[in-house]
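Here come two complexes built around chain A, the first alongside chain B, the second alongside chain C.
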Partner chain A sequence: MIRLTRNIEHDLKTNQSFAVIVVDKNESQLSDFEAVCTSNNNETMQLTTKYGKINIQNIDGLFSIGEVLLIFSEVSKCQRFYRPEATINTILLTEECDQLCIMCSQPPKNKRYDHFDLYFEAIKLLPLNARLGISGGEPTLLKKNLFKFLEKVYLHRNDINFHILSNCQHFEKDDIKLLSKISHKILWGIPLYSHIPDTHDSIVGKKGSYNNVLKNFNYLVQSGSRVELRTVLMKQNYNDLPQLADLISTHLNWIEVWAIMQLENYGYAKMNWDKIFYDNSINFEKIGFAINTLTAKRLNVSLYNFPLCTVPDFYRQFTTRSISDWKQKYLDDCNGCIEKQYCSGFFEWYNIDKGFSKIGLAT
Partner chain B sequence: MIKFFITTLAAAGLIDSPDDLIKKDEDQINSKISENAFFKYFDYDLGYTLAGHGSHSSHGSHGSHGSHQSHSNSGHSSHVSHVSHQSNSQPSIPNIPNNNSTPPKSILPETPLELKGTMGSFKILTLRVQAVLYAYGYYNGPLDGIIGQDTKIAITKYQRAKGLTTTGTLSDELIKSLQLK
Partner chain C sequence: MSLFPFQFHNVLDKKLITNDAGEFFLTSEKNLKNMIDRNIDQNFSDFLFDKGFQYKEENDLYWNNFKFKLIKRKKIPDKIGYYMIIPTLRCNLNCTYCQVSRADENAKNYDWEEEHLNLFYKLIENNNHKHVKIEFQGGEPTLRSDIIKKILDWTSANNIKAELVICTNLQNLDSNLLEIIDHDNVFISTSIDGKKTLHEKQRTEDKGTTDVFFNNLDYVLNKYGINKVSALPTFTDFSKIEETIDFYIELGLKSIFLRPVNYQGFARKKFPSSKNQVSEWSKAYFSSLEKLFIKNHKNKQDQRILEFGFENSLKRIFNIGYNGYVDLRSPNFYAKDNIIIDFDGKFYPSDEARMLSRIKIIDFSIGNLKDGLDSKKITDLNWNSIGETNPDCINCAYQPYCGVDMVDDISRYNRIDIPKHLTAFCQSQMSKFNFIFEKITSMDPVDIFNINGHLSKNFNYQPPFGKIFYDTTH
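Up next, the complex of A and B:
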């Protein structure tokens, strides 16, 4: 596991938070937004910026060239905003949420990290065509500022792509205009757990959620927005998958991809694990049926967080390496597996005793 | 409502030649496409590819936009209520072949169309053939990607009706006739 936020010691001449990009340069030639990264031994790392020096203890490894860091000098923290080697870099915008999903891996808290100006400064330092995730909590609770931010980024850096996870509860008709303008730069990850309103509502812990999602899809489709529909697989909705696939292939066939996702055993999911975990290594039938339906109708479907060995042969082509590199791991059993480089692996906090009953080497 | 079904089927590639249905309005439509981002999503080409999965990004020429116009304002939500119109009388044929138990070859029933190496794309093509035959009313079994008895009968019936060589299996002629290529 890679820790993304670190405590720092510093002698900075500023109280402001700022963003820097790690470069390979002579220290005397640094500009305001550049930093040089050096290390004396394996324990500590030193960053030299225009404002002074920063020390970071217990490092996992040197920051790579091109990495963008946020320095919060007042609270002595450093956040790894953009790592070039990561599969995706994500901004956690807020931990507030208006839904209370039974498998939430990150239960809501009253905390916001809406440093939009700082994020904007950092985005200016990103490489061309960079991709950024925005997550929460529920990002659209800060819709007004978020949309302003997205528009501003679009004006200055229209090469940046966003992947935003949202519960699709807060879009309005008035948003269509702005959404159309930036729609091709944003992929909305939106959850839908069942074709039955009550099942969906009980999973997300909010009455009327299903109807809101379906209603708000109108605004998304009218603005030409791109949607990745996400369904977390659970005991509660396993049996609904074939009918959900029918709903998607007949009425939501404009989506880009349907992602069927395995659980991340953290937060509420860990708490409710025995009640919700569906072991697809024992029976894959209905998932397979759902995939068949979408594939037959030429729609994209993807399996996220499914280790390859838990999926029957034919369906392995639909899996992706979806787990972010900083919380991904492989088990001891995985050593020597020839499919390892194609496999999503497991979450850092995966518990073998309560997990899949059939895992093993692919041969 | 009829318009809706035509376009839905067309978008999914399930009817004969939506081109003909739409050509009339094409000039009128073309002028509107650029104005309304909504239409982007109906800008499908109808050709399936063998590789299939992931071929979405290559959006093709025409679209089924015209008849969708009525649809865009009345909204999706009104359609959601008739989700259950597809019958759920599901599978008599087991959906997924069990890969874990491999009995000796002599006991295995013969699967005539198993092509080693291209199994994945072959099954995907089979799925799409089943979906189209289902839409035409020749096939009423599950979408399982397996050429079983029902699928063979459906293919034969279709081939007879269209005057193709009757093989009961996937032939180039069949794929072309179903506009899957």
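Up next, the complex of A and C:
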């Protein structure tokens, strides 16, 4: 596991928060937004910036060249905003949410991190065609400012791609204009858990959520928005997958990909684990049916967070290495597996005693 | 609630209902009448809604998704990414039904010159496609392996992602050609009519030449594996189909395209019956397909084989946006995403069009490398390449899946305006779609198994569609 927010000790001559990119330069030549990262000893490393020096515990290795950091001087924190080697770097925008999903890995809190100006400064430092995630909580609860931010980024850096997770409850007809303008730069990750409205609503803990999603999809399709439809697999919706696949392949043909996702046992998912975990290593049948329906119609399906060995041979081609590197691990059992480099592996907090009953070397 | 426009067709004892977005279901005649009369009860309404036949109000999600499917089914890419080129018309064989006509191996003035090559590079650059497929046809293109090599080198030097397919009779596997084939992005397409005796009778003519072919085929298959090679048979004797399928399976090939000798080129004289043989061919074709289905069902995964024609028609039904095959799509606008370039630099919309021009039935050329595309002629052709507006096609339940093939009509009838249902193209497509929908309707596990196999290479018994019967005995 890699820690993305870190405590710092510093002698900075500013109270302002700022963004820096780690460079390989002589310290005297640094600009306001550059930093040099050196190791003091095995235990700490030092960042040198125009505003002064920062000391950080060296636990996950030195920051790499090109890494973008947010420095919050006042509260003595540093956030690893963009790591070049990461599969995706994500802004946690807010922990507030208007839904209460039974498998939420990040239960809502009244905390927001809407430092849009700082994020914009950081984005200016990103490499060409960089991809950024935005997640929550529910990012569109801050829709007005979020859209302003996205538009501003688009004006200054239209090479940047976003992957934004949203529950699709807050789009409105008036958003079509802006969405159309920026649609090709954003992939919206939107959850739909069942073709039955009540089942979806009870999973997300909000009455009317299903109808809202479908209503708002109409604004997304009209604006040419790109959607990654996400369905977390649970006991509650396993049986619905084939009919959900029918719904998608008839009425949501414009989505870019349907992601069927295994649980992340954290937050509410950990609490509700026994009630919700569906062990696909025992029976994959209906997931297979659902995939068949979409592939027959030439729609994309992806399996997220499914270790290869829990998936029947034929369907392994649909798995992706979806777990972010900072919270991903392999088990002792994985040593020697020839498929390891292609496998999503497990979440850092995966509990082997309560997990899949059949894991082992892929054959 | 309102219905999208729909069409219907008899399939066995049921009515097949389709709409322009390509959705379909089967029901009784009574329910069809109810649809026409808009006498739809709540149950039926819910079903129609689920199947994509209804919308609640204009511009709602269902309306917009219908529009999306419609656009996707009709859309043709607007950059050329697929080039079929004829670097030489010369050939070292003299096949009985040669479709393209050919020149003698030693003839002069039947080859591309340096100038053609340079203009060809310019054409590729101007189209600026991310991924280019170049198919080398002939004549026998390996007689000019120097041109193939130059194009291969040029694409890699210019960072153009290219897939090169050499359509060859494999008579001439010299070191130059072997060096080309060694590249991962180069593939071989060849003709295998069947076992040695049949292949020899129809193509190679003598034992020595036949042995060379099969030895070379073995060499390539052993060295590069099955994915390097695709093969096509041509049938003049329909009783040989099954034997040839078995031979393809034996060779380890994964796909076969069952097609009769085409009424083109030399075949016109030698096989005049090929002008109109739809019913005879269909009978042989469908019974062969059924036998192939049973074989696939019995065989292990690595011995299963797909039939390209069936796969192609199935994908037209199920895969929204499967519009890449020029013989089965509508609109079928010319020189949009693919083009044929002949040995003399002339452009043609399809290989068949090139053959027709070669034997002087019609001049189907649509420009040339030097002067570019003849856009006026292309526009004239395109107006007649739209099934959606053809009075004979607009009410056909299979129209969303079907295509238009003006070239085939001209080839057989010298004109494009005879009623569609009298054309070999229409009759052949009708019979293929009938066959598929009869299989879907009867839901025989062996058929469903093969439908899945052809759609996604995943042979299994789960129908790849939701509920498709409404209020029938099913």
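Heads up, the rule we're going with is that the second predicted complex is superposed on the first by the 361 of 363 C-alpha atoms of A that agree within 3 Å, B and C clash if a C-alpha of one lies under 4 Å from a C-alpha of the other, contacts with A are read in each partner's own complex, and residues count from 1 in each chain.
Everything below uses one rule, namely that contacts are C-beta pairs under 8 Å (C-beta built on N, C-alpha and C of every residue); 3 or more make two chains touch, one makes a residue touch a chain.
All figures in this text were calculated on a predicted structure; none of them were measured in a lab.
Novice: For the combined arrangement obtained by superposing on chain A, do chain B and chain C clash, or do they fit?
Specialist: The answer is clash.
Novice: Report for A:S183: first if it touches chain B alone, second if chain C alone, otherwise both or neither.
Specialist: first
Novice: Considering only touches as defined above, state whether A:K144 meets chain B (first), chain C (second), both or neither.
Specialist: Neither chain B nor chain C is touched by A:K144.
Novice: As a test of reading the superposition: which chain, chain B or chain C, is in touch with more residues of chain A?
Specialist: B
Novice: Which partner does A:W254 reach: the first (chain B), the second (chain C), both, or neither?
Specialist: both
Novice: Thinking of the overlay built on chain A, is A:R298 touched by chain B (first), by chain C (second), by both, or by neither?
Specialist: both
Novice: State which residues of chain A lie in both footprints, the one left by chain B and the one left by chain C.
Specialist: Residues 214-215, 217-218, 221-222, 242-243, 246-247, 250-254, 288-289, 292-293, 295-298, 314 of chain A touch both chain B and chain C.
Novice: Would you tell me which residues of chain C are touching chain A in their complex?
Specialist: Residues in contact with chain A: 23, 50-52, 59-62, 64-65, 68-69, 72, 315, 318-322, 452, 455-456, 458, 460, 462, 464-467.
Novice: Report the residues of chain B in contact with chain A in the complex, numbered from low to high.
Specialist: My answer: residues 8, 11-14, 36-42, 48, 52-56, 72, 75-77, 79-80, 83-84, 86, 88, 90-91, 95-96, 99, 119-120, 123-124, 127-128, 130-131, 142-145.
Novice: Touching chain C in the complex: which residues of chain A?
Specialist: Going by the criterion above, the answer is residues 214-215, 217-218, 221-222, 242-243, 246-247, 250-254, 288-289, 292-293, 295-298, 314.
Novice: Help me check something: in the complex, which residues belonging to chain A touch chain B?
Specialist: Touch residues, chain A against chain B: 180, 183, 195, 211, 214-215, 217-218, 221-224, 242-243, 246-247, 249-254, 256, 284-285, 288-289, 292-293, 295-300, 312-314, 317-318.
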